[in-house]
Each structure stands twice: as structure tokens, then as C-alpha cells.
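Here's the structure, in C-alpha cells; my notes come after.
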């Protein structure tokens, strides 16, 4: 339920219809745009702030700078032609799109993918999660002016991108999870190189802990700042680490396991305080967990057998009428594809449900009220939003 | 999920029930029952998480399908509620009073499909597009390729030949 | 705040004394991974220009352009040009490439101030990465379309050998769809098919289950669709792009599948009524010979509303498909069904009418606006080896005709066939069936000049011959029919062939005389080719016509030196149903053009 | 005190050396900071090129007279600061225009640049600049407080307001340096030093992630080049004061280079590993930690 | 925001009404003019060398390409070595990296940013989408040819172009600048009408003056 805001703010007053009584001409308020070319914004989006002194009284998220109309474009592409385009929906963690799309299409077409493909998919998703969290850690500290963390984590991410490159043949857009399986098996000597990368990652995570989480100023800037009342989680569709930072153990990997997750051992990371620090800490532990999961996957996965199911000719693949929703736990929360088919060779409708959609819009606008301008960037980053998945 | 269907049926007139997976079902209801059903699902059945709200354009039938997808985390199950509304002058009751975040979805639907949600906050504000003048782009009858070709310049000099006709032309110039 | 949180961050300075991890020279030090998807490479020799890459490219980045290569069977001569202002490096084009010619290098750097520079034809335009050994190649076993042909039910050799029942059962609907699903609609086959049938389109009709549309498409270009669906030499399948890395699409069987799915009674409705010619425009045309060529021309002309009469010397129309092709390959009722469609277009077929005696060419010329000669090749050629004039040395065509007309055939206990073409196989298998019926065992030997690798017959035929117990001996040159003291044929004496052609490419077989064998047999059948019987032309006409090596000289459309006379089909071109059909179309078109152009030509 | 004209070219020479060294030092410190981030960082000559580049730009946009004067004031602050304190102790060539009460003037010049800048940036009409200015002034004021008290303590200690005299008093032994004779005042001054170096945790004025670099948001081309020049001179000038007041000054150029480098490094050493305070946090920090220490330093004397 | 930018009648304290046009106040309407190179060639060459070795990029990630910018500035590739650095404000930047596709909404901001930059200024198109629309060739919301709207000095092809390709791009751009061929700003001023017409054709919501500095 929408709570009365008056308990957190004396000003501005609210009008009868619930809107804020902000008279810009009064001179008391200042309109401030953050973005789109603003270093404190994660990617190409903007927040329109109305500030009074250093205090924000109203914030509006503006998106659409990255809108390409994916959901429309997919309607005029065949099922296989959609495959290269879905990963572009979310740039920093593209693999989730590939997985959700492939899984949805497979379910509607009644295709069962081979065991090895399942494991490779899980591996890719965990690698992607790790990369995304590395970006987050760098961004979170960077938003507060601590640059070195971003240097280190981006380096580790680069190493992981190397692993991606040798596995999938590309750095950013991997285009590896095809409907029906994955393109190829693991390359020769992959495990050893991955282990090396993971060791470096662990070392870096230790440094990150020392320099970022054990940092007096960082703690001062984040503990107790950007608090989200856990009671609001359902109202605002909060999922993933943002919710887990507030003590709600939401994790699709455990709640509704998919791919190889039932065979993997992991704890759901939870923190209590629901502030920026808790969320950062949950994500830090998520990253460590990803390292562990990658190790588990490489140890447990089958190395033989096909990686693609027997598929019809992809050039004119038709899928009977139906609709489904596939979800997964990406680094930011629940990621899902709602796919409707109508028996033709083209999807009837694809709707992408990214966690950023609710986090960066309604939730952010709610949280930003009464926030200090200096904390806006940190707050925004702490929700871990990626604009391209909001507007698609 | 049979039990759920039975319970809901006592409460509301349910339309077509599609069991997509063991943990996912879709059900069609009339638009006047929607609000009550969603509230019931949220308050009494544990479907507290609004996963998404979107629309499907069934142009041939002259209808929009609105899908309200909800998740019950404790029971690890999802239900999608479908509502069919006429395409012409489409409007729908807002559910932002149940989930504040629904306002964002409704803004998007307003802009991309032209479905109105009277009373939803900021529903008429521009959301993603800026200065859009054509019909709402997610409608099926909007041709994005045609629009793109008319609106944006493409780099000239692209020609392609169809192998079939090219071979016929080259090998049988007189058309035999 | 504990003091450690003030001191701990200073640990970051430990990196001050470590070497930076920066890549020294990233421009040269970091090649793409072995699987990296960089810029395209194309083996222009291997590429057949099928354009499947263009079809699958969701970015519309690929154009098929003419790079100056001449098209040939199974190669359009086009090559893909890639617009890097569109490409997204998804490599679906590599995955789908029918020949495996497309691949990707692991090069990834390309900058230019000119936006128009980012288009090139890999393998044709020279690029620095052309010879990169690394880069994305399609993984083993990964394919976006089916590589293997869908199996079809057919009679087992044991079951089929004793009867003349049709061997191949044809696809059922499910399997036909699976097979049709493999087609990528490139259209390379269309130009190769002499009749230019709309192959991709009718295969699509199979996929869609729209058999009526399929049938309409078939009869648009081929009134002998049912026949061709069974016995066509399917050059299209040789050209098929899917054949490069798998089995070609079973185009012939899919064609047959369409004709099988539609009830015969519906054919005429689907094919459509002939046009009504405007008053006074209707011409009359005479066709000599009711084979595929003649009937196709008749069909085309009749559909345009002209009056066509076909004169056939034998009891039934059909020509070589009826009298040359055994029933187990082409049941007679199938042929009849096709001819019924042609008749329904208004074509009149006068059987048992011998032109030259029952009606002369001059009469035909006088009564008609145009005359088509489609007399086929019904005279068997002889090897002219010693003993070949023996009564038990028969010609394959004669024998096959005899079987079709159900004239009694004296079945020998064992026999030898000379020849390595399809006719040889036909007669061998026909005789084998008769032997089986008569004696319960097969004793047929086929001898051919060619070695197995260069056989003229279809590989399928050869395989099936083997299955049916027929002994095929390759590279044997016939020398003499051995006749025993009683004057009965005892067998065939052959030498091993060393080469068939001489250095100039002329037919001049040379033999290894030391390798001599005698193939025993009570009968020897010659199946080394046929000739046309042109006696019916009459002396005057024979004189007037121009000839070329014993065949009537015709232009590309089948028109002879006499402006009213067209000669088409086997008698002027190669022996093959679908070529005959194509010939028929051409002649009909030429005749129609002649009517249009200069009025009454005759 | 008679004025010698030769002092003008001498002072200009000092200025040039300091300017060139300032640019170089900035790059070296950046390189060292980059090392903590595991990379090489900019080439040591990069700042020179950047400066030339900015002077070489063809267009400038002005927002009025004050906007133009902003960087000029700022530069004046830096140059003035440098010119009125002795750079090298005991070398007449580099004593500049040092005089008996120069400490007071120096304190004034430290503040002068910021004020001028504030005026200019305020004129640019950019809200970020305005916010940055208001933050900057509150923080500089807060940071100035401990420094001023510390300077007062030093002046009290040595009973003089002449920088030259203060340096003179510290000669002889390392232990004569103020840092050992009055460590509390020096600690307070160093806190203030952190606050005025525009490095985390006290760079909220520039805070690129919130208010893209604050006051200089609108400055570009030659204006920016002027400010860059100042960025090379001003910190050095300030460090000259610190060096003279607390670390025994420098009797020759090598010592000067070393001491300035170490002082600069100190700011970077702290700056690289901490995020930034919010403005009210930093103000509170100066008031809670800086001022009492400075006052204690005062009592130490 | 748009309402606030519309001209409106304001009543002063003395009761006199006058019209306020905020756009006129906010922005400068002077058309850009051509600024020729310095007459002395050796000076211009020296300046060009300095410009080429000091590329200040505007931190504006317009599209996916922004993702590869971060590795560029961090340990692995460390573009700072090559005189490249970020500037958070367009005023101080000289290089506009159009990192991938531009939606019309972003195009508007990109134009504004470009016009706020000081000449000589350079534009680099990153990725296929800037050349011919890339994979969004049929999208209703992205432009297809960047050079219709802004003068582009260099294209780096890829989807994404890797950091190494970007570094190569910087090297090539430096060559272009040193050769004195990077006169995009002057070209923009010369063909100003043409560029404006193209821009206005696709940006329907043109709530900014024709030239904002």
C-alpha cells in the first residue's frame, strides 16, 4: 500500500490530489537534471530532480533513450532470427535474455534440451552474473568517488570476458544459447584457465572487502542510507538482491529452480538492514557464491553427449499457439520473458520483465524523496538498474 | 493447481483455464471481475508479487488481451490472469491502488498500445517515446519497417539478387 | 567507527609496487580467441550462392550480388556481400551455410572514415583476414536444418522381386513434412530442372499441407507431374544446396507426395479450365507421337484454347514412359491419370494411327496451322559385334514394349545385358522379375563399358539391382555373342576396358585383351541406346529438312528448317521425361509466339 | 625595504619553474594513483599537451564578464600566493616578494581564488556550478578554520608573521621543524590540507558522479586552460606555505621538489582509497576533528 | 519541462505585463560559424598534434557501446596512456563517441551535447548501427545513418567493437587530426541548414532552439 509520506518529510506539502505542492517559481526549489550524459547515472537514462537545498523533494525517472522497440522487432522476426537480437535487451548481462527466450520457445515448442546443454547454460548464467556484479561493485564505489574498486573489478570482469570469449566466441554479446541447446561444448583447457580466473577473482574480492566494505567513509556514506521498507517490496515488485538486502530471501534459483540449479548447493544470501550497504554486501556475497557455483558446475557437469536437441529446420520453424512465462534469477532480481505464440513462424508477442523496470521507475521515485543530492547516484546504483532493459 | 482453480471458481466466474506448466496457469476472466479477483488473489491466495502486466494485440479478433501475471513465492506458483477488451477505444480499470508499481506498466501500455487507464498516475505523460505522432507502435497494424524506411535515411547502394531468378535470367536469357 | 576501517583501505596501496596488469600493446598482442566471431571469410569456390545466409540474416545485412561468376547447375554465380553497417556478428549465416563455405575470422579491427567502405564480398574482395586460420567455424554436428533425408517406406528386395508392384510407397504426410522442412528455398534447383518447375514453392506447399496449391503449381509447369514424381532423373537433386553437407532434399518424392495426396478426380478442377481462345483465333495443331514431349506441347497449346490432335501409333498414349519404363517404377494407372488431365484440356489423342501410312505429313501440314514431331527414340541400337544378329540377341526397347503390351515373352533361364544406363537396369530388373515368376530364381548379368564410378544409370538403380540379385560387372567391353554348336546363345565374351575415350575425347574404347571373360546366358540384351525412326516423314520432307548427324536440325525452340514443323523430345534431344516436357513447353511457346507474330505461318 | 627590479624576472622564473613542475607533478601523482588501480596511467607529459590543446581550441563561449574573470581571479590567487611567499629559503632569486607580514597576505590569497572562482562559476548559470560553489565555499570555510588556527599557533610559536622568519626559525635540525615542535598544529593543518586539495574524501565540490565537476562545469577552452594553469600553480604555492610553515622550508630546488612531492603524495595517498564525504559530513569532520586539534595546538604553544 | 519552456506573459510588480521567452534566455541563438585553421601551417600542425594527443571524450554512453568503454579506461587497456580521458561535461570534451544506435530521443541530446562542445570537435561512430542502422535497421525509434545528423570523422565497426578496436580507432583518429582532415565542426557550420533539416525531420519534439551554443 502507498504509505503516507508525511512521516518522512515536512516539505513540500501535498495537494489534495496527492501531488506535491512544488511551486518552481517560488525560488525555493531548483530543477536539476541528472542525465542522460551524466556520470552518476548508470547508463543512458535520466532523473529529473526537484531539489530544495541539498534535499530532493521529487524525482522523476525518464527513460526511453535506449528504446529500440525490441518487442515490436521480434514480432517480425522468425524464431531463430529473434535469437541474435534478444541479448541486446540488457547489455551488461545479456545471457539471461538468451536463456529466457530460448527456454520459453522450447517450452512452447515442446523441445527438451540435452543434459550437457543445461549445465553449460547454467555456467554461462553464473559467469554473466559474476560479471554483472563486478560492474555493480565498481559502480557502487565509483558513485561515491572511490575509483580503485572499479579498476579492480573491471579487470576481473575482463578476465571473465576472456573466458566468455573462448567459450562463446564473443566478449559482450555471446549469442551462444540457441533455442534447443547451446552452440558448442567447452573448449580444450577451459577448466584450468577458469580456475585461474576464479583465483584472481577471489583475491580481488578480498581486496574489495578490505578497501570498500571495511572503509570508514564508505560505511558512513552507505549504512542507514537509502533504506527501503521491506513492507514495500511487494508493492513495488522488488526482487533479487535488493529484496534480499532487506531480509526477504527471494531467489528464483531456489524458489523455482531451473536448469542445473537443483543439483547445485548454495545458500540464499540475505542481509537485514535494507540500506545501500546491505544491498552491496548481499551482492558481494552473491559474487563469491557465483565463483563457488562455477566451480561446482565445472566439477559436476557431464562432458559428453549432444549440446543441441534435435530441432526442425530453423528457417521455417513454427510453434503452436500458446503462451508462457519463463523466469530466472539474474544478478539484479527476477528476469523473465512472457512469450505468446500463434502458430506462425513468428512470435506473437514477447514481453520482457526486467527487474530494473520496477526498481528504477516506481521504487526509485518513491525512495528519492528526501534524499540528499549527494546520495542520489549511490541510491540509484544500489538498486542495480540497467536502463536498456527498462525500455527495451 | 487444481485446488486453486476450484477455490477461485467459487469466488469468480472463471473463463478458460490453461495449465501451462505444473507451476503456471493462465485464466481468462471478464473485465468487471478482474479487480476483485486480483485483490482476492493478493490478499487470500498469497499471490502478492505482481510480476508483470502487459498486453497482446489480437488484431484479427479486434481485441487486446491484458495479462496480469502474479507470483506466489511461498507456494512457488504463478497465475496469469487474462482479460480481453475490445481494441476500439480500449480502456481498462487501473490497478495502481493494488500495486503502485502497476502505474508504470499502465503508462507503458497507454503509450505503446493506446490502452487508457483512467485514474492511473501520470498515465498520459510521455514515457519512452518523445514526440511520437504515429499510431501506438506496439499495435499489430503498425508497420515498423515501413515507418523506418519513410522516416530515416538508409545508406544507398544495396541491391540483392534472388538466386532463382538470377540463374534463370543468366542461363535462359530468352525465358525458356 | 573502529580504527581498522580507517586503516584497512590503505591496503589498496600494495599494488603500488606490483606491475600493472595493463596489456602493453593491445593493438597487436591480443588476437581474438580461436572461436572468435570476427569478420567473414568465404570460400568462393565452395560457395554456391544459394542465398540461405541472406534469408536467415535478421539484419538484412547480406546481399547476393553478381561477382562475374557464370551460373552453372547448382551454383547461382552470386556471392554474398556483407554490409557491416548491419551485421551483428551472430554467425547464423555461418551456421546455416549449406556448403560450409562461410566462416568467420578472428580479426575484429576495422576503422574507416568513409561510411560506405564497410561493405565487402568475402572471398572475392581481398581483405587482410582472408587467410586467418582461427575464428568461428560451425561446430561439429551443429546445424540449423536437417542434414539427413527422411527415410521412406519401400518394398524389401525379397518382396518386390517377384512382382511388378511399385517399389516405393511414397512419403506419408508426417514424413513428407519433415522432409519438406529441410528445404531452405534457395531455388538453385529451379534453373537446373529442364521444366523449371516451381520446386521451392511446391515444397513449401507440402510444409503448409496445402496440397491443392502444390498440385496447381506442379501442373503449371509439368503435365507429367505424376510421372516425373516417380521416374524423373531429378537433376534438381544434384543441384540441391542441401546435398553439399548432407542428403539433397527428396524433391522427386515430395512431388509424388503431392500428387498422391490429391484424389485424381480433383485434378482437373485444380489444374483449371483451358482458356477460351477468341473467335477465329483458335488454331489447329497436329502432334505426332503421344509421348511426354508431344503431349506437353499439346497440353500447353490446348490450355491456350487451340485445337490439338495427337496421333499415336500404339494402342495407348504415353510413349516411352509407358513402353520403356517398367511398371514397378511407374504404374500404368498413374500415367493414365496424367494423360486424363491432358485430355481434359481438350486434347484429342488418336491412337493406333500411323502417320506416314494412315495419314501423311503433307495432309497434316495442309490441315493444321502447325505440326509437331515428337516421335521419340523407339529403335534400339545394336552393338554389331559378331553374333549380334542372332534371334536371341534382343534389343531392350523392343523387349520392354513387349512386356508392356503383355505380349508373351520367352523368358530365358539366364541372360546377359549389355549397357550401363537406366534402360539396361530397367530391362535387367524386368527380366529378373519375369525369371523369378517363371523359375523362382534370378540369373541376370549386366555388363557395362564404364566402371562403377562413371555409370550412367542412377546410383539408386544400381543399388536396387544389386539388392535384387542382379550381377553387375563393370568395365567390360562386349566382343562377341558366343553361340554354341546348336546355334543357341551361350553367353557373352567381354574384354576388360582400359579406357573408353581416346586422347581427343572421341569414343574409342581400348581393351585389355588378356582379361577375357565369358558371361553365360541364354539371351543377350543390347541396351546401349536408341534411334529414331523417321521413315514416316516421307521422302520430300526428309529432303527438305536440314539434318545434323542423323537428327533433325532444330533451333533452340524445336523449330525445324520448315517453318510449320517443330520437332521435339527424344528424337532431337536427350532421353529423359523431364527434358521432353521442357521441350514440349518450349515448342508450344514458340508456336504461340509464331501465331502471335506473323499470323498463319503454315 | 627597497624594491629591486630584478626581483620581477626572478619571481617570474620561480613562477615558471613551479608551473612546469606543477604540471609534471600532477601527472606523476596521477600515475602513482593509477598504480593503485593496477594500471600505468597517463604519460608524464600529458598535462602539458592537454594545456596546449585547451589553449589551441578555436571557440569560446562566454557567460558575461564575471564568468571570464572567474579563472583569472583563481589564477591570480595562485600566482599571488606564490609570489608573496619565499619559495626557496635563503636564495634571493626565489624569495619573491616576501615581506614581513606576508603570512596574512598568504592566508588571504588562499581564500581569494576560491571566492573569485565562486563568482565566475555562479555567473555561468549552470545549476551544477551553483551547487558546487555553495558546497565549495562551505567546505573551504570549514577546512580553513583549523588551518587558520594552526597558522595562528605557528605565528604565536615563532612570534612572527613573516614566512621567511618562520622558515629561518626551523633551520638547523630536522627536529626544529614545526612538525616536531608543534605536532598538534601540524596535524590540524594537514587535515585542512586534505580538505583543500580537492581529493576524496573531500572532493564533494567537484563530485563528478553527482554534479559533473561542479564549479568548472561550464568552463572550457582557454578558460579551462587558465584554470589548469592554476591547478598547476596553486597547490604548489599552497604546499610551499605548508612546507615553509611546518616542514622547515627548502633551501634549494631538489629539497623543494622532494618536499612538495611528498606533500602532494600525502593527499593522493589518502584520496585514492576513500570515497567522498557529503558536504555536511566533511564540514562536521573539520569541526569535530580539525578545530579541536588545532586549538590544542594553540595551547601547546 | 516543456511547459516551462514555452513563451508566457508575466505580470511585473508594477503591473506591467511583458512576455518572457525562456528559451531565449536559456540558450544562445547564434549560428555556428566557420573557424578557419591558423594561417601559419606549422602552428596549426603543432596545435593539431596537441589536439590529437589529448582526446577528451564526453562521457555519454548513447547505446550498448558504452559497455566497452569501461574496460577501456581500466587496467586491462588503460586508454589514459594514449591521451584519452573522460570529461563529464560537453563543454570540456572534444570527442563525442556515439556508442552505437541512437534513438531519436537520444539523438536530440546528442545534438545538444555536440553543439555545446567547443571546436575543433570530433565525432566517432561506434558499431554497425551508426553506419547503416545495424541490427535495428527496421526499428521505428533509431536513426540509421549517423552522418545525416552529425559530421562523423571515423567509424569503428563491430557489434560491439572491442576495446582493442576502439584503441585502434583512437590511433586512426589521431592520424586524421594530425593530417588536418578532422574539420567536422566547420563542416557542420557550413552545411548547417542541411543538418538542421535532417535533424528536424526525425525529431518531432523540437523543443530547443536551432543552435544552443
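Just so it is clear, A, B, C, D and E label the chains in written order, and each chain counts residues from 1 on its own.
Heads up, the rule we're going with is that a residue touches a chain if its C-beta (ideal position, glycine included) is under 8 Å from a C-beta of that chain, and two chains touch if they have at least 3 such contacts.
Since we're looking at a predicted model, the values are computed, not measured.
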item: From chain C, the most remote chain by mean C-alpha position; value: D
item: Central chain of the complex, centres being mean CA coordinates; value: A
item: Length of the line joining the C-alpha centres of chain D and chain E, rounded to whole Å; value: 35
item: Separation of chain A from chain C, taking each centre as the mean of its C-alpha atoms, in whole Å; value: 56
item: Distance between the centres, which are taken as Cα means, of chain D and chain C, whole angstrom; value: 89
item: Centre-of-Cα separation between chain D and chain A, whole angstrom; value: 43
item: Residue numbers of chain A (touch at least two other chains); value: 31, 38-39, 64, 67, 69, 72-73, 76, 84-85, 148, 151-152, 155, 173, 211, 215-216, 220
item: Touching two or more other chains - residues of chain E; value: 74-76, 78, 81, 88, 105, 131-133, 135, 137-142, 145, 159, 162
item: In chain B, residues with contacts to at least two other chains; value: 129-130, 137, 142, 144-145, 155
item: Contacting chain pairs - touch in the sense defined above; value: A-B, A-C, A-D, A-E, B-C, B-E, C-D, C-E, D-E
item: Residues on chain C engaged by chain B in the complex (per definition of touch); value: 49-51, 54, 62-66, 70-71, 76-78, 83, 85, 115-116, 119, 186-188, 190-191, 196, 200, 556-557, 582, 585-586, 589
item: Residues of chain C touching chain A in the complex; value: 1, 4-6, 8-9, 11-12, 21, 32-37, 52, 55-56, 58-59, 88-92, 95-96, 136, 139, 141-142, 144-146, 178, 181-185, 207
item: Contact footprint of chain D on chain E as seen in their complex; value: 28, 35, 46-47, 50-51, 53-54, 56, 74-75, 78, 80-81, 83, 85, 88-89, 91-92, 94, 118-120, 185, 213
item: Chain A residues within the chain C interface of the complex; value: 77-78, 80-85, 148, 155, 162, 165-170, 173, 175, 183-185, 187, 207, 210-212, 214-216, 219-220, 306-308, 311-316
item: Chain D partner contacts - residues on chain C that touch it in the complex; value: 9-10, 12-13, 15-16, 18, 20-22
